[in-house]
Amino acid sequence: MSNVYGRSIKVSIFGESHGTGIGVIIDGLEPGLAIDMEEVNRQMARRAPGQKLGTTRKEPDQVEILSGIRNGVTCGTPICGVIFNKNTRSQDYEKTKLLLRPSHADYTGHVKYKGFEDFRGGGHFSGRITAPIVFAGALCRQALEQKGVAVGSHIVKLHHIEEDAFTLADLKAETLKELGTQQVPVLVQDNADKIAQCIESARAELNSVGGIVETAVIGVPAGLGDPFFDSMESRLAQILFSVPAVKGVSFGCGEAFAGMTGAQANDGYTVEDGQIRTITNNNGGILGGITNGVPITFKTVIKPTPSISRPQQTVNLDTMEPETLEIVGRHDPCIIPRAIPVLEAAAMIAVYDAWKEAGL
Amino acid sequence: MSNVYGRSIKVSIFGESHGTGIGVIIDGLEPGLAIDMEEVNRQMARRAPGQKLGTTRKEPDQVEILSGIRNGVTCGTPICGVIFNKNTRSQDYEKTKLLLRPSHADYTGHVKYKGFEDFRGGGHFSGRITAPIVFAGALCRQALEQKGVAVGSHIVKLHHIEEDAFTLADLKAETLKELGTQQVPVLVQDNADKIAQCIESARAELNSVGGIVETAVIGVPAGLGDPFFDSMESRLAQILFSVPAVKGVSFGCGEAFAGMTGAQANDGYTVEDGQIRTITNNNGGILGGITNGVPITFKTVIKPTPSISRPQQTVNLDTMEPETLEIVGRHDPCIIPRAIPVLEAAAMIAVYDAWKEAGL
Amino acid sequence: MSNVYGRSIKVSIFGESHGTGIGVIIDGLEPGLAIDMEEVNRQMARRAPGQKLGTTRKEPDQVEILSGIRNGVTCGTPICGVIFNKNTRSQDYEKTKLLLRPSHADYTGHVKYKGFEDFRGGGHFSGRITAPIVFAGALCRQALEQKGVAVGSHIVKLHHIEEDAFTLADLKAETLKELGTQQVPVLVQDNADKIAQCIESARAELNSVGGIVETAVIGVPAGLGDPFFDSMESRLAQILFSVPAVKGVSFGCGEAFAGMTGAQANDGYTVEDGQIRTITNNNGGILGGITNGVPITFKTVIKPTPSISRPQQTVNLDTMEPETLEIVGRHDPCIIPRAIPVLEAAAMIAVYDAWKEAGL
Amino acid sequence: MSNVYGRSIKVSIFGESHGTGIGVIIDGLEPGLAIDMEEVNRQMARRAPGQKLGTTRKEPDQVEILSGIRNGVTCGTPICGVIFNKNTRSQDYEKTKLLLRPSHADYTGHVKYKGFEDFRGGGHFSGRITAPIVFAGALCRQALEQKGVAVGSHIVKLHHIEEDAFTLADLKAETLKELGTQQVPVLVQDNADKIAQCIESARAELNSVGGIVETAVIGVPAGLGDPFFDSMESRLAQILFSVPAVKGVSFGCGEAFAGMTGAQANDGYTVEDGQIRTITNNNGGILGGITNGVPITFKTVIKPTPSISRPQQTVNLDTMEPETLEIVGRHDPCIIPRAIPVLEAAAMIAVYDAWKEAGL
């Protein structure tokens, strides 16, 4: 499938960091959806570079819509959104193109594409290619919001700073909405400053840090997803693992399940307003691959940004000799603040796709 | 896609725990592969119930091959393997069919299938349906072994017992093979007994325990997988999350990335025997969604078996009133020993699929 | 995709003519559908060999249902139906296995499967593998009949015998139902005898004949299918061309469009009972790839059965020398009567799939 | 799947006739292919409007490549090509937007997209959207030409003018290449003038005409395609039927099979240069869904252009009353000359996809 995601919708992406443009086609979105472009742009801005804690590059990331939306309303036909690339400093990369950047896709891309890959700025592997995912997700998000869905995330761990995972009590639309306005979304406000300091320290030390994001989607009905290969976990994990730097995905209690007993882990049932509901939500809203009507919660592990300016041991593709690489250029010491809107967009795409398929 | 996995091969599964039979079609396997049925049966036996630490049910799990293999050799056409169900005690389930078992798929299956699901023994959601996955995986495994691939797993955490993750030094074919012969595969032999005791304690306490399995696949060339939606991580996670009880999947260092810096996490490059290799393998053999030629390593979080015999709070589907459920019957206090061959089978299917697609 | 058909449902087939069994998995069928197995068997019988005008082989073609149907009602989970092979005379084929049968798939199967194909009775290419398609189609047909759909076919051309295509006036449920009970379904009754004679003459002359079948599906709402690659024509053609011996598929006027002008061909609009309807139906119920609410009509060209007992020029795979082949064994001098239920089944699968996807 | 075609490559299209732009993403094309853009433009020009026998609209149809090609060479990553729309006279359509044009997709698009479709110039259903298909096909064509493939077509029937189908003797690269340079490609030169006259007569009479195109693809090896649902016929038919106005597809002798006997139709085998070859090619190069190494030949039925300027009976969507429609604007009295490059492009896409999948 390669560049296409979805079972009942199709999201096809393309683009290289320093090519002419990057973009996405979304097919299968319902006709008649009025798109709030300001809100789309707000989502794009959350991911865009040039923010306080991130890289100092500035990219407007303005999406030009080529098809499928007329007078601000979806036609039901494939929507193509394109971001034309500007402000690209290809020369930054030309100098070091033969030196494989550790933990980047330079080597694997080189093998897969036999040396014909566009290496500039990571090419097709650039985190920049997530901008079209945010665009596609922003459309799905607006469609889902009309059905009562809300999504939000907090940083549950960043290097040595940790906070508790969402409880069912946290999972209200207002809380999630509020988290969406914060650059460093946390449940315990103190942590925001600690995280900002930690990131700035990493920058000062020419280093980078990783962490874990927890995301919740509320308002999803029971019955989405399938047993086995198209389980709701499989669908979400497939698209979450397409986000660069993601190295782990877990649902509900996630790794904590490993230390729990069944008596602790099982979510008993009760009846609320005539509806069957679980009392706890250790399973993160998914059982047997199918949503159970309580919030979907998942954690995404983000590795430290590979681009660090310290000397690193690498190999020169041309000479096949070891060499020391010092990456220059503007990079995020922690990608998490900018990754969060991408993870949320990915979740919105997966949920929209599963919902449409369920025909509910 | 529902019941079908694969991009260049197609694995389609079917079956209910207490129906006539369960099985799988595998299409796209190469013609001319001589199948060692004894080895297939050995893999099936690893997953089969009736083992020391598991349930006391005995199921022969004999696969009958209906097509695609003639005189022990694959034809290249779809292979159908069926396991006819025997020794099913449906009456165990009839009594409690209206009482939703916590953390099982009873409720979500009921919603999705509108009350027409076969509830006996978990029906289509039963862990029993993983037997066909082991069969399909056993075929892929044999094909991959001929190309030099080996797979193996150890229990990296079970309740409170933990051991270190694989190091590159552990990842030899002999080590992995040896692990495959152990019912409680561990790198530190003491842990096997501790784990067995922990499981038996859980059984005695009418409880269950969860844990984390780490799996390694060695001998995979660089170049498998794709950027984005069909990344090697996405492909593996999709099929791993279709295994019941799996709630987390991570690659390489996994959650540990969250506490690391880039300087610690990055895998520098060196040249070995004229081949570019990473010095460390924190990324678990995958960069930019594509294999880099060093071992693939991933961790899978398995939740505690939901079937425990303690009283649990639930709801009666008929009366919609709260009720207390006491599950009777034979159940595994820890599913991990039997889950390991399923996870390995899933990995073999995903790797075979990606390898064929890469055309290497 | 190989052995899997469908966008919102998945139909996966397997089997060789002389293997252990042939069959199909259908996933995505709605739960709660009461299956009339007698009617399923009636559809199977229409395709089964041993009929007056066909081969003298008798095969019971009894489908054993392994999963997905409980107490005669669909569960919503994958349905697997298997036909175990009996009455196979493999020795008939052993003698001539090295002699490529002209216009059969012996050569292409040999190339694709590198000599490992099961050559007996055509193996996986046998027309016998259409029996599972009839089974899957029979299930879809019953689901669609409850929504008011009917399907039927007539032989519009068989060798030199021709009759007029369906008119809108022919397209009533009773007419289609009546056609379904005839072994040689025709609109002009005289043609049935002429066709029977023509087929018997071909048999007497050790020859075979081809023809064209026209099929109509009534009761399909406007709005099924998509523009471009998943047009209703594309969907139907994809599955119709998977039926062995099919060499042409056309919609509405089909080839006659080539001699028409726009003024003749265009279907003007009118209003009937408050509904927009076309006045004529030259387009066969599909415009822009999407159904328009009037009957779907299509013609399928069936080539003469390749198995004829006359001497034919061929090549011996072993010696690579020309040789003369005389096919012995029991064969249909015209496959059309038995192909009709397969074509209808294929149409029902395609329509069910598109309908489900449209969410109507 | 909707807007995506392909099993081993993915071709995703988008666009409306009068929107901002139309285009296509092609993913899975091999890296390192040097693209001859002049030749791409020559293919685009063959389809472009403004030709002698077609509409008088002029559209430059200049493809802008946004990604996947760098310095004229494919990178292996998704290639996006966009054609920005110019010279659109939306006001032509505004006047009649409520009047359903007979045999166009106005009504079916209206039902499917619930009134939110972009109706201007046919919107997403416009023949204009085939331009991206020509672009994608031109890339596949160049890749296939390097493997020795050639493709070409002639008009085998246009209204009352007919000529013989390709014989094996016609199927040489030079003949096919020569056909590709003719605006009215025919084997019998006299027919070109007759056809041109016939088209001009139709224009003068405010009418349109249909016909049949025969296409041949030479140089394809044996072994492409699959039995059943992904037969080479299924793959070709799926994409050919996505071309607007196509109402029939047949292979080899096509409809003529209906009048033939097995003795006439069967393609005997011989050995040529150590290779097994059929003596005749009635089956159009495909047996059992798989190519047999002789040329693929297929016929495509094109209906008369629905846009004719005569008064036609229709319905007003607003009033739901019958009304008379007179289409004004610039239209092709016969779309066949411009459809030919689209059919060839579609064939190249299908063949490239199947070839890659076969791994030959």
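Every chain is named by a letter (A, B, C and D) in the order it is written, and numbering of its residues begins at 1.
Everything below uses one rule, namely that contacts are C-beta pairs under 8 Å (C-beta built on N, C-alpha and C of every residue); 3 or more make two chains touch, one makes a residue touch a chain.
For clarity, every value in this text was computed on a predicted model and none was experimentally measured.
Set against the Cα centre of chain D, the chain with the most distant centre is B.
When the C-beta contacts at B-D and at A-D are tallied, the pair with the greater total is A-D. Taking the mean of the C-alpha atoms as each chain's centre, chain A and chain B sit 26 Å apart.
Each chain gets a centre from the mean of its Cα atoms; for chain B and chain D, those two points are 46 Å apart.
Put simply, the C-alpha centre of chain A and that of chain D have 39 angstrom between them. The set of chain B residues that touch two or more partner chains comprises 1-4, 13, 77, 112, 124, 227. Across the complex, chain C meets chain D through its residues 1-5, 7, 11, 13, 100, 102-105, 107-109, 111-112, 124-125, 129, 157-160, 202, 207-212, 222-223, 226-231, 233-235, 237-239, 241-242, 244, 246-255, 257-271, 274, 276, 278-279, 282-284, 286-293, 299, 301-308, 310, 312-315, 320-322, 358.
Residues of chain D that touch chain B in their complex: 8, 77, 227, 356-357, 359. The part of chain A that touches chain D in the complex is made up of residues 1-4, 10, 12-16, 19-23, 25, 27-28, 31-32, 64-68, 70, 73-80, 82, 112-118, 123-124.
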